[in-house]
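Here chain A shows up in two complexes: once beside chain B, once beside chain C.
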Partner chain A sequence: MAASAPKENPTNPLSGVVRPLATAARQFTKSLIRPSTIVYPYERLEDPKFRGKVAVASGRPIGVGDVWDNYRGVHALNIATCISCNLCAFSCPDICIEMVSVAGDDPKHPKKCPQIDYGKCSYCGFCSDACPEGCLTMTTRYELAVTKRAEMVYSPERLHEVFQRKLPMNPIRLERPANEDAILLDAPLCIGCNACARDCPTKCITMLDVPKPTARPGEKLPRRIWKEPVVNDSDCVRCGTCISVCPKECLFWGTHK
Partner chain B sequence: MTGATLYSVSAALSALLLGAVASILPAPVSGWLTSADVVTGLAVLIFSAILLVASMINTIMLIWFERKMLGRFMDRRGAMHVGYAGLLQNFADGLKLFRKNTFRPQEADSLGFYAGPTAYMVTSMILFGVLPISTGWSSGALPLSLLLALAIFSFAPLFIFVSAWSSNNKYSLIGGMRSAAQMIAYEVPILLAVVAVVIVSGSFDLNVIVNEQQNYWFWFPLLLALIVFVAGMLAEMERIPFDLPEAEAELVEGWNTEYGGMLFAFFMLADYVRALIGSILVVLLFLGGWTMPSWVPAAATSFPLAGIFWFMIKTYAVFGLFVWIRASLPRVRTDQLLRVGWNRMIPLALLSIVLAAVLVTVRCLPFLGCVPPVGG
Partner chain C sequence: MWINMGPQHPMTHGLWNLRVRIEGEIIEEVDPEMGYLHRGIEKISEDRHYNEVITLMDRTCYVAGLAWEHLYIIAAEQALHLEPPERAQYIRTLSDELQRIASHLMWYAAFVQDIGLMTPFLYAMRDRDLVLDLFQSYTGARMTYEYNRVGGVRNDLPTGFTDRTRKVMDWIYARFVDYDHLCLDSDIFHRRCDGIGVLSARDCVDWGVTGPMLRSAGVRRDLRKDRPYAAYDRVEFDVAVADGADVTARYLVRMEEMRQAVRIVRQTLDWLDKNPGPVLADRLPRWLGAPYAPVGREGYLLKRNFPTGRGFSSVEEPHGEAQAYVVNTGGEHPYRVKFRSPVFANIAAAQKYLPGYRVADIPPIMGSVDICVGEVDR
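Presenting the complex of A and B:
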């Protein structure tokens, strides 16, 4: 097998010298007026003058209103609509989200909202995908430089401030799968304690009466409240709070028969 | 401009300074101070200082020029934060390097380690005293100034090798070895290409060579020699694609791997001094030096310092060509360099000598006019 000659031989006058020179000259004349670089501290991508004008190497334009809206920057949190479902913290692969109390209406049961440590965050966006209410979204804000490490931790209030600035938000939302698991009840174990219904963030659990069976002779009825939780699957956000608060472990994930 | 040369200006400045100092000193000292020898001595010093400062500023501007131009070649902007359009960036870099501690490896040879960069720098700077920049700006009429310039210019690989060997580092040593090895490959074609210029102009004096180009510049009839000379100069200046001794992809930083701080700055600056001198040599030998063709309007060539103005324009244009080549071509291998040097450039240079001989014999070319009789 004959060895094939390399395409670009540096010692070949045409392919090795003239053609590269021509290519470089073309690039030079192209970028002489305006190189692709956006001189960041002085110019910003958000400037309307870059809309659709800045071409990256692939030829795809980047700029406000194009790919830019998909940018995953600082989160925006709407505290008012947050239901404290914990799904964001649960889905976070970096464990940078912690649910902390915010000053709310009810001092007895303070609302818990996500606090994000941007020192750990990898901006994957899983949290905003998981958020059932759409109250935690990612914005296009990318300037995060701080001088103290503690300033990297964004409290819910700070995230709410970001929300109030009405920045462009990442519209990506995951569709819920049709065959999503639902909350099922292992009825004989239930004691009707109401913990699930009390803690459900969406209040989709209602406690319905169950008929108290008549005890056969010699049989001792369990000591319990004769109520059972019924989950409204269309309202349920699948946060699993009911499962974790159930004292008898009678709630579990499953599919309806 | 008639009569006012750089030397006459510095002589007048020297006489003025010494006269002012002598007027407040007692008689014997003031008499000695205003004697012709002392005035001449100080004039030479002032002359050298002006030349040094001007060439250094030009060298640093050359680095800025390369950075900006390379930036455009790479679709970016280059230095732009310090000063207007980054003009002061290199001064800031130099200041930073100046403040840094110079560090010598424990096993390095002290004498060679420190003497190498110094000698490299000094031999590069000496050349500014040899090259005429414009009429009245040369330090004197040297009948063999071209030969002297090329001789000093080719010192560099020796000092590179000394500092590389003294560094006691394998990468440095390989870089120094390569520098010494590639010297012979390009020195011969360069000198042969220069012979073609010398044949046409009939002199080794750079002033005469430039004056011979009043009618037409040498680049057109001696295009072959120009190509060989530029390629050889690229290797002489150790710029891409012939920067094998530095070859940062394989040899860390080549022969200056162990150098830091001001010693590294010496190498860096001397590299650009040599690039500037290489551009100046191309301009002097092939592009008519400070002269302009006769069809250029007289207003563009007769204003004060017009010679230097056009000379610098040409020099920077030639350096721009070097940057263009740097931005385009990959680094060649040693064997490729040697093959280009021995198999291609030497025959081409010999051919250009033949062409030069024909040109001198025919004396006249269509569209170009006639060559003056040999010997000016």
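Presenting the complex of A and C:
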């Protein structure tokens, strides 16, 4: 294949130079009057003064502040409302969330709250989508430069500081699906050990007595506590903690008959 | 003499290597080497929930994230036997077309820089920023959107979004004239781009070249028309086709595609204004809903008699025809995920469209291919 010669230029040679230059000159004069840039860090895009009106960036057809409502930046954690359900850590695709103890009232059973490693975080927002209490949300904060790698790890207390700054937060809350599965019990397997009720973050599991059957002659009753968990579905956040702590694997997801 | 253009070279737009055998100034033979950016995305996908794969899709092609999300989502929904609501279909169509504008503007910026024009680069990046602002307002991020979900999209459009988008579309549509003044009216542009990098329609088909490169050779092939997905069968648009199969023809096709994209965006906005509704399918399996708790014992889905399935999708993304294949064997993760990258085939065909031209022609020719190495290597 040989290189073909350049085609004859359809425009006349003079306009072929003048028109591009004229366009550039027009844009240049426009940009002198109305610059399209924001002078960061003196002006910030998320600044409320850009909201709803065309301010410094008057070359733009839309105000830049309008687009910050749903921004997914650094997380804010409200430790007070966190129920330690672990859903944020489960939902994280990058496994950057770890549940760590925070100083609380009860030193024997410290509360666990999410700690986020921003060196790994991809800001996908699955954790705040999964949070049933709305205590882990994403804010408009985006400046994260640090000098040490260890500083990329935000402890729950540090995330709580972000929360206390009252930054605008991502308002989107996902609705729970209408036909959500519930926790069901495989009753013959249960030994009534109370592990599920003990670890349930919302305390929606109660252990109710079941009647101890009378053993027929020759039959040996299983060794167990004669109690069974009953789940209050309206309080349950579907975190699955009970399923993971059950020693007999007798709890499972399902729909009520 | 063999010379290496890349993997660190201004021409490559990413990490890949073009080995060129030259005789004087004339290219005799080329050997594209890919794989520098391989991250094993297909393998990682096998270890993630269906929704978590979406975070990888934005990184697969970082200039057309929403189009790749859409591609994967169609296949995943087929595999899981889910039907998204109509409003979600329209939002995806809107997202795809906005993404096409953003991606083509990015291509334009990089391409004109390759041929030595710095001014249009700044204009194109400025206008692309407006589209990214729109993405930010409804997805929450500028490049890594994570917006689609299996069975729909994450959230509905915010209030005032359609008006903002209309304003931006009007603005950008007027700017296309400036782009043409800067390039098509320029003598320098024509001297550099006319008649080089010619790949005939026959060769395009033989080498699996798709997208704007194929349409620039005069082939009227566009999956949005030929095999409509989402809401493309309900919007009006024309397929951009050009003759000549050279660099200028590819420029013309992409410019026309951006104009058609604006047209589609306006139609979808009108529809979205009139038809409110849900954006996420209401009968989702629990592990696809908002929380992602552990699903308990192995074989959960098999126990629940959840049907297995396979999904295949092909989508006209800004670079060409991308394809995805998802196998659901009843686990909570996909059993296998496979992607077909259009740019991989487009680069491989460099063996056909580069020899015979000069070394100085390589940047405009490869620039006209619109390379995104992230999706080539995956």
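Everything that follows uses one rule, which is that the second predicted complex is superposed on the first by the 212 of 257 C-alpha atoms of A that agree within 3 Å, B and C clash if a C-alpha of one lies under 4 Å from a C-alpha of the other, contacts with A are read in each partner's own complex, and residues count from 1 in each chain.
In this text, contacts are C-beta pairs under 8 Å (C-beta built on N, C-alpha and C of every residue); 3 or more make two chains touch, one makes a residue touch a chain.
Here the structure is a predicted model, which is why all the values come from computation and not from measurement.
Student: For A:Leu32, using the defined touch cut-off, is the partner it touches chain B, chain C, both, or neither? Pick first, second, both or neither.
Tutor: A:Leu32 contacts chain B only, not chain C.
Student: Which of the two partners, first being chain B and second being chain C, lies in contact with A:Ser244: first, second, both, or neither?
Tutor: A:Ser244 sits against chain C, while chain B stays out of touch.
Student: Figure out whether A:Pro132 sits in contact with chain B (first) or chain C (second), or with both, or with neither.
Tutor: Second partner only, chain C.
Student: Considering only the touch criterion stated at the top, classify A:Val17 as touching first (chain B), second (chain C), both, or neither.
Tutor: A:Val17 sits against chain B and chain C alike.
Student: Look at the residues of chain A and decide whether chain B or chain C touches more of them.
Tutor: Answer, by number of touched residues of chain A: C.
Student: Looking at the overlay, does A:Ile97 come into contact with chain B only (first), chain C only (second), both, or neither?
Tutor: After superposing on A, A:Ile97 lies clear of both chain B and chain C.
Student: In the superposed arrangement, what residues of chain A touch both chain B and chain C?
Tutor: 11, 16-17, 20, 23-24, 27, 36
Student: Can you list the chain B residues touching chain A in their complex?
Tutor: Residue positions touching the partner: 69, 71-77, 80, 241, 324-325, 327-330, 332, 336, 339-340, 344.
Student: What does chain A use to touch chain C in their complex?
Tutor: Within the complex, chain A contacts chain C at residues 1-7, 9, 11, 13, 15-17, 19-20, 22-24, 27, 36, 60-62, 64, 66-72, 87, 90-91, 93-94, 122-126, 129-130, 132, 138, 170, 172, 174-181, 237-240, 243-244, 249, 251-254.
Student: Across the complex, what residues on chain A touch chain B?
Tutor: 10-11, 16-17, 20-21, 23-25, 27-28, 30-32, 35-37, 39
Student: Which residues of chain C touch chain A in their complex?
Tutor: Of all residues in chain C, those touching chain A are 26, 48-49, 51-52, 54-55, 119, 123, 126, 130, 133-134, 136-141, 144, 146, 154-155, 158, 160, 164, 167-168, 170-171, 178, 181-183, 185-188, 190-191, 194-196, 198, 282-286, 289-297, 300, 303-304, 355-358, 361.
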